[in-house]
Structures are given as C-alpha cells and as structure tokens.
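Two complexes are shown next, each including subunit A; its partner changes from subunit B in the first to subunit C in the second.
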Partner chain A sequence: MKNYFLIKNTVYLVILFLTIIFSGFIIEKSNLLNLNFNKVEEVFSLFFPLEYSKEFLFITIENTFITVSIATISILISTFISLPMSVFCSKNLSSSTIFKNKNKIKDLSRYFLKTNFLFLRSLPEIIVALLLVRILGLGVNAAILSIVITFTGFMTKVFIEIIDSSNSISSENLIRSGAGKFKVFFYTTLPLCSKEIISYIVFRWECAIRTSLILGIVGAGGLGQQMELALKMMDLNEVSTIVFVLIFLVYICDQISNLIRKVFV
Partner chain B sequence: MYLNKLKIFTFVIIIIFSTTCFIFLETNLLEVFKYETVLSFLIFFKEFSNPNISNKFLSEVINASFETIMISFVSTILSSVFAFFIMIVSNTRNFFLISFLKFLTNFLRSIPDLLWGVILVIFFGLGPFTGTLALTLHTSGILGRLFVELLENQKIQNTLPNFKTNNGSFLRFFFYYIFPKIFPQMISYILYRWENNIRAASILGIIGAGGLGQLLFYRLSLFHYDEVSTILFFTLSMVILVDLLSSFLRSKYTGR
Partner chain C sequence: MFNHLKLENLSLKNDKKTLLYNLNIEIVEKEKIAVIGPTGAGKTLFLNLLCFGLRPSEGNIFVNTENFWKKNNLFQNQIRKYFYLIPQIPDMPYRQRVISALHASYINKWSLLKVIASLFFPFKKKSIELVLKELGLFEKIDETIENLSGGQRQAISLARIFLSQPEVMILDEPLSAVDPNRSDFLLKKILEYQKKTMATIVCSLHQPDIAKKYFTRVIGINNGKIVYDGTSNKLSQTQQEKIYKGK
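Right, the complex of A and B next:
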C-alpha cells in the first residue's frame, strides 16, 4: 500500500515537472538566454530622480480620487444588484426546496439565473471594458459599467454560498409559517451572515481599486491612464512617482478596510 | 441588538463618502440607457453573431490560447515557489528582515499585474516572457503575504522550543509538523491565484505580452468583429474550464 502511494506521488511529480518544462519551451524560444543586462541598468537609472513639481502632484491626487470613486460607485451598484439576485437564487430561502413539492419550473429558472452569473464573471473586466469603450465612448461610464458587470457575477456567487451555508432552521420556520423571501432575508439571514457579507464587500472594494487602476490603460480615466500616458511619453521619473502614490493608496485602502472589518466583525 | 452607535456612525460615513464620489465624478450613469446607446449595442451584437470559424484562424487561436494557459501555469508555479521561500525566511526574530519582507510583499502586491507588465515591457521587450514575469512578480507578492499569515496563525512559538530540545532543526520541524497542517490551505490559495492568473494572462496581450489578448487587441483595432467573437468564445471557455479544473483539484486536496 505504501509503495502504491509512493509510485502515485512520483508519477504526479514527473507529470508536473514535464508540464513545466514543456510550457517553458512554448512560452519563449530562449528569450531568457539573451537578456541584455547593460540595457536594464541603463533603463533603471532613468527612473530615479522622482518628479515632484506642484502641478504634477495636484493632477496625480485628482486622478487618485477619480480611481477611488470609480471603485466605490461600482461596488455600491453591484452590491445593490447582487444582494436581491442572491436572495432569488439561494436554495435556503426558496419555498419549493423546503416544502419538497418539486416545482420544476422554479428550480429550472433558478439554475438559469445562476448560469447567467457564471457567464458574467468569466470574461475578464478589461475585455468587457474594451468592448464597452467602443459603445459608450471613452470615459468613466465604461469603467464603472464593466466593473459592475464582472463584479456582480463574483459577488452573487459568493453571496449565494454564504446564504446557503448559514444556519437554515429559523429561515425554514419562517417560510413554513408563510413569510415572503425578502422578509425572511431581512429578519433572519442578514443578521446571521452580515459579518461575512460585509467583509466580502470590503474585500471586493480593494479588488475594485486595483481593477480601476488597470482600466486606465484602455482609456477609462484615473491613475492608470496617467501612468500609461507617462510611459508612452517616456517620462519615467513621473512613472516612479505614480508607482509610489499607488503603493501608498493600496496601503491606505488596506488600513480602511481593516478598520471597517474591525467595526462590523 | 446588532446595530450599535459605532456601526450606524460608520454606515453614515460610508454613505457620505459614496455620495461625494458620485458628485466628484460628474457623470450621468443614466446615459447608458439612452436610445442611441441601446441602438449601438444592438448593432454591435449583430456584428458579433457570425463568428469566423475558418481552419487557419482556428489553429491560430488555439495556439494562442495554449500560450495563455502556459503563461498562467508557469507564473503560478514560480510564484508559489518564491512565496514558499518568503514564508520560510519570515520565521526569524530579526526585526529588519521581517520589515524588509513586509515591504517587499507589499510593494509587489500593490502594483497590479498589467501595470507590472507595462513597466517590464520597457526592460525586457515584447513577448510572452515579459507577461510571465509580470504575473510572477504580482502573484508572489500576494501569495507571500498569504503564506506568511498562514505561518503566523499556527502559533509555532509554543511548540518550537519543545522540538528544539529534542535536537530538531527548524526545517525538520517545518516539514514534519507545520507543512502537513497548512498544505491544504496553501493548495487552495494557489488554485485561487491560478484562477485569477488565467484571467490576467488572457488580457496581458493588450500591452504586447503574447497570448490570446494580443490577438484580441489586433482584431479589435482592425474592426474584424467576426474574428473577435471567436476569440471571446475561446477566452470564455478557457476560463470556465480552468475554474472547473481548479474546483475539482480543490475538492480533491482539501476535502471541501
């Protein structure tokens, strides 16, 4: 028996090793070997006197606020969409699973809704933004809408899991005595799992800030766009200032979300 | 009572903050529902409805999606190795080393992967190698922090002295006592990162780092919408496939 496990694990290891080597070959036909390190040093020295003129710092701070507000608004909207949707999709709050009357139409419609959210979350947000920029034009609207579309998918999936894994005794009792879905949700389920829901929303807020930074590259405004423009103009000292602002921003957002988590959890 | 004064106060602050965000941006989100926008949506979807499935193009797309999967796979493996080393090194009492590691992981983590790619393209030129490196740096930051937290939560300071009196080194202690305990959690973190990385790898082509994104960006710039819809279908199916695979592996290794 011990021998069997040893052979199995060795086979797994060999397969893993072979895939790594194989994929290494696919990725690059030896770009790694002719790296030019002289050039690296040269480029690195271009980054270094940091840019700190007054106008530049003012523009940077304004762009930072744009980034944060894009993230906040999109998280707000996607929370308002995904909470009711997760109530509709959850098994714990549905009367057809509790009474066991096998209402096939209700079950099918629930699965249909769930698979819709699977498609929403499986396209990366920047591709959605690329397509939406064609339709809505450049600007903040495309960024907000693309974050809302993808994050609604993620948040609905997780909220459904949270509601379904919570204690179902009280909600079942309420449904058996004839309460509606939303009443049950607000009176039993939300008090029970508000901690998890809030901490997940805060976590998603951090993710949304990172995403809205990225979305600047396709022209959606904010700090990312400023960085992309500076890179295109080869103003590398501006880029290094923006990178420091970015690190500071992410650090502050971490602290804020820790604070919110401490208050609510 | 699950609402006290502090919580209501924070709620009010959050609401004030989000309204200031709305006012600051000065956009009208209702523009999305205007007549012209809906019309252009419909035109867009009509152009998408006949995907290009000629043999030559399909082989190109399949090659590119292979490349994407490989980029995400290699970067996940490499970054998990780096994060593992960071985790082992982080078990010291040296204050400077600890703060240095904290700064390093925060630095790597706070720059998003695409922006890492934009910076690294200047250094290493275009190609999949740059994409792999960018993903590796970002992911090793995140995984490093998660792994270090995992090790901190084990409360090893109580059991380590016991082990040391019996002539065991830290590495031995780690591999016999800690590693079996935290292995399932590590696997689930790595798989979660792989799911994120496949999404990131499929868009890294926008900055010229190879894979499916590069194909997508070229075709989108040339307005070949029939080919774009094929590429989008492949992206979608690839992401869903990786999600299913990782959920299977997670249930196998962690029993969840």
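Right, the complex of A and C next:
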C-alpha cells in the first residue's frame, strides 16, 4: 500500500515537471518574454509636458461641456420615455392582473411592449452609434440618439423590476377603489420606490458620461472625438491633458451623483 | 348611485381548498352591518369580495341589478368609485407625508392632470386639516407615515375614508390597534360620518358587544360559512357561541 502512494505521487510530480518544461518551451517559441523596453521611455517622454495653451484649454472645456450635456440630455429623454412605459408594463399596477381578468389581449400587448425594449438594449451603444453616424452624419445627434435607444431599454427593464418588487398592497387598494394606474403610480409607487428610481437614474447618468466619451471616438462629438483626433495627429501632449481632464471629469460626476443621492435618497 | 348589492351563491376557492362557501346576502343602502367571527374565519375575504377586490370562483354579484363581473372595465371602474375599503393593516407608503397620503383618497375622482398638480399644490389642505383636527392629529400633518405609531396610522387610514366620502364604507377591523377609550371615540366618529353622508357601512369587528350596541345588522362568519345573519338585538348568547366556537 505504501508503495502505491509513492508511485502515484512520483507520477504526479513527473507530469508537473513535464508541464513546466513544455510551457517554458512554448513561451520561448512565441517570443513572449522578449519585450523591448528600449522604445518605451522614448514614447513616454512624448506625452510630456502637458499642453496648456489658452486656445487648446478653451476647446477642451467646450468639449467637456458637450460631453456632459450629451449624457444629461440623453438621460433626461430616456427617463421620460422609460418611466411611463414601465408603468404600462408593470404587473403590480395592472388591474387585469390584480382582479384576475383573463384578458389575453392585454397580456399579449404587455409582452410585445416588453420584447420591444429587449430589442432596444440588445445592441451595444457603440454599434448603434456607428450605424447612426452613417445615417445622421458626424455630430452630437448620433451620440444622443444612440444613448437614448440603448438606455431606454435598460432603464425600462429596471424600472419594471423596481415597481413589481415594491409592496403591492397600497397600490392595489387604490386601484380597487377605481383609480387609474398612472394616478396610483404618482401617489403610491413613486413614494415607495423614489429612492431606488433616483439612485438608478443617477447611476445611469454616470454610465452615460463614460459612454459619450467612447462614442466620441466613433465621431459623435465631445471630448472623445477631440482625443481621437489628437491621437491621429500624434499630438501626444494634448492627449495627456485630455486624459487628465477625463479623470477629473469622472471624479466630479461621482461627487455630483453622491450629492444628489444624499439630498434625495 | 348605489342602492342595492346582492351576492348570489358566491364561493371563493384557492388551489387547495374552498375559503368561502355559498354566500347569499343582500345589502341595501344606508344599512349598518357588523361582521363578526373568529380569527381566520374569512371576514377579510368576505369584505374584499364586497368591494370587488377579489374575483369570486363561483356565483354572481349584482349591483343595482347589474351583474358586476360580467360588465366591461369602464362600468366596473364607475361602480368601484362608490366603494372604499380600509384594510386592517394601514397600507400607506412609509416615506409618504400624511398630507399626501390623505390626498390619495381623492384621486379616483380627479383627472390625471389634477392628480399631478395636486402633488405640488395641495388643493384639499383645508378639509384635510379639518378632519385631522377632529381626530386630534392636526400636528402630524407634515410628518411621514413611518414616524407615526400603529394607532395613529390606523386613524390616518380612517381619515382617508372620511375624506373620500364613498357610498359604501367597508372597514376591516378599524379598531384593532387602538386602546378601548380611543376605539370608542373612533367608532363614534365613524358613525357620525355615516349619518352625515348617509353611507352604507360594513365593518368587521372582534367585539360582539360593540356590534350589538352600535350596528343594526350582524353577519356572523365561521369557517367560511355564514352562520348568523340578522338584526343585532336578536343576537343571543348561544348564537354568539355558535359563531365563535362553531357549535
């Protein structure tokens, strides 16, 4: 018995040893460790000093405002679309679900509406933007529209979940006494779930700022586009300034959203 | 206008068993009805059936000779506005302020635009203040619901029914969270409002003495069946035992 374990362990050890040798062989073959550090220092030095001429800074600030306003406008529009739609789709506020009216047309229409939002959020923003840039041309409109299209899908989905997971008793009682679903939404669901809804909108706003930066690279205006142009022109000093502005912008947005959450949530 | 409600061979089932058996009852306007019975007898389900909150498994409900559950949504919504149920556990959102919780009692009669406007401009502040003063809760008008005690929540819930002035007031144990003194006061207030608005009142209770003293008709429910339906002064001790012990 003792011999058996000895043999087993030796076999394992040999296999391990062979694996190490084999992987070392592969690494050597593929030149993986053969990094060239000679040029890194040279390229890195191109990024400094930062570009801080007055004209450049003016353009950067303008582009920052464009980026932030793309995010804000698109979040506003998608909130205004997705909130009413989630009221339509939610089961908690539907009288046919509460009173068990077997109304197949209503169920079917709710299903189709929900599926529509699934289609909206199925494509990533950047691909929608690529398509829209071809249709609408370069500029802010394509960015706003692509964020609205995808974010409406996400926000509707989450709002439906929030409304359906809230306490249904209070809304049921008002619907039972003959109030419509939108009236009930304003008087019970909104006070019940306002914190979750506001918190999610603010989170999506942060996401929209990052997304609008990425969409800039596709050609949809703002800081992203400026960075893309600078990279193409090999103005690396400008690129490094823009990167610092980006980091600062994300920090500021985080602070603003924290403030909003503190006040409302 | 509501003047007549008739339940015909009504029963309610869930997946496993029958909860209410074969109810046959007529309710006429301006009646004062108390519903009594042991815990778990089906009082709350019965009240929910009366205000069309639950769809019966069998049988019909006639409102003014119209079969309610066979009518379209528009008609049903019109009828629903005559009824108002106050649930046993107050159902207002915790983060809502008292004044907007009370505004909610009007929304079934208002248009959507007026409802949205009322979030910013409380139209009915004066009448709400009046009702709160009567209930001794005037200083709580700007509090949120979560800062109120259980009894205060129940009183606010009652204030809702006073403000909405329905034609049929349905109350599910409105006195379960208040002390005896206060419960007497609240019951008198309820009956006062009933007298003023000439509404029908259906109220479930746990005290047969109060039912006998203040109400004209008593319905006794045990184990999903109606065991007593008659005037309150004919409710004898043996019948009470029959209602509560099922003998």
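In this section, the second predicted complex is superposed on the first by the 230 of 265 C-alpha atoms of A that agree within 3 Å, B and C clash if a C-alpha of one lies under 4 Å from a C-alpha of the other, contacts with A are read in each partner's own complex, and residues count from 1 in each chain.
The definition used in the following text is that a residue touches a chain if its C-beta (ideal position, glycine included) is under 8 Å from a C-beta of that chain, and two chains touch if they have at least 3 such contacts.
Bear in mind the structure is a predicted one, so any value in this text is a computation, not a measurement.
After overlaying the two complexes on the shared chain, residue contacts for A:L83 are found with neither subunit B nor subunit C.
Once the two complexes are laid over each other on the shared chain, residue contacts for A:G180 go to subunit C alone; subunit B is not touched. Shared-chain residue A:L231: touches subunit B; no touch with subunit C.
For subunit A, the partner that touches more of its residues is B, with subunit B and subunit C as the two candidates.
Once the two complexes are overlaid on the shared chain, A:I144 sits against subunit B while remaining clear of subunit C.
When both complexes are overlaid on chain A, the residue A:P191 reaches subunit B and subunit C alike.
Shared interface residues of subunit A (contacting subunit B in one complex, subunit C in the other): 191, 194.
For subunit C in complex with subunit A, the residues that touch the partner chain are 51-55, 73, 77-81, 83-85, 87, 89, 91-96, 100, 103-104, 107-108, 110, 112, 115-116, 119, 164, 166.
Interface residues of subunit B facing subunit A in the complex, by the touch rule stated above, are 2, 6-7, 10, 14, 17-18, 20-22, 24-25, 27, 29, 31-32, 37, 40-41, 44, 66-67, 70-71, 73-74, 77, 106-107, 109-115, 118-119, 122-125, 127-129, 132, 199-200, 202-203, 206-207, 210, 213, 216-217, 220, 232, 235-236, 239-240, 243. The touching residues of subunit A, counted against subunit C in their complex, run 95, 99-101, 167, 169-170, 172-174, 176-180, 182-184, 186-188, 191-192, 194-195. Residues 16, 19-20, 23-24, 26-28, 31-32, 35, 39-40, 43-44, 65-66, 68-70, 72-73, 76, 118-119, 122-124, 126-127, 130-131, 134-136, 139-141, 144-145, 191, 194, 210-211, 213-214, 217-218, 224, 227-228, 231, 236, 239, 243, 246-247, 249-251, 260, 263-264 of subunit A touch subunit B in their complex.
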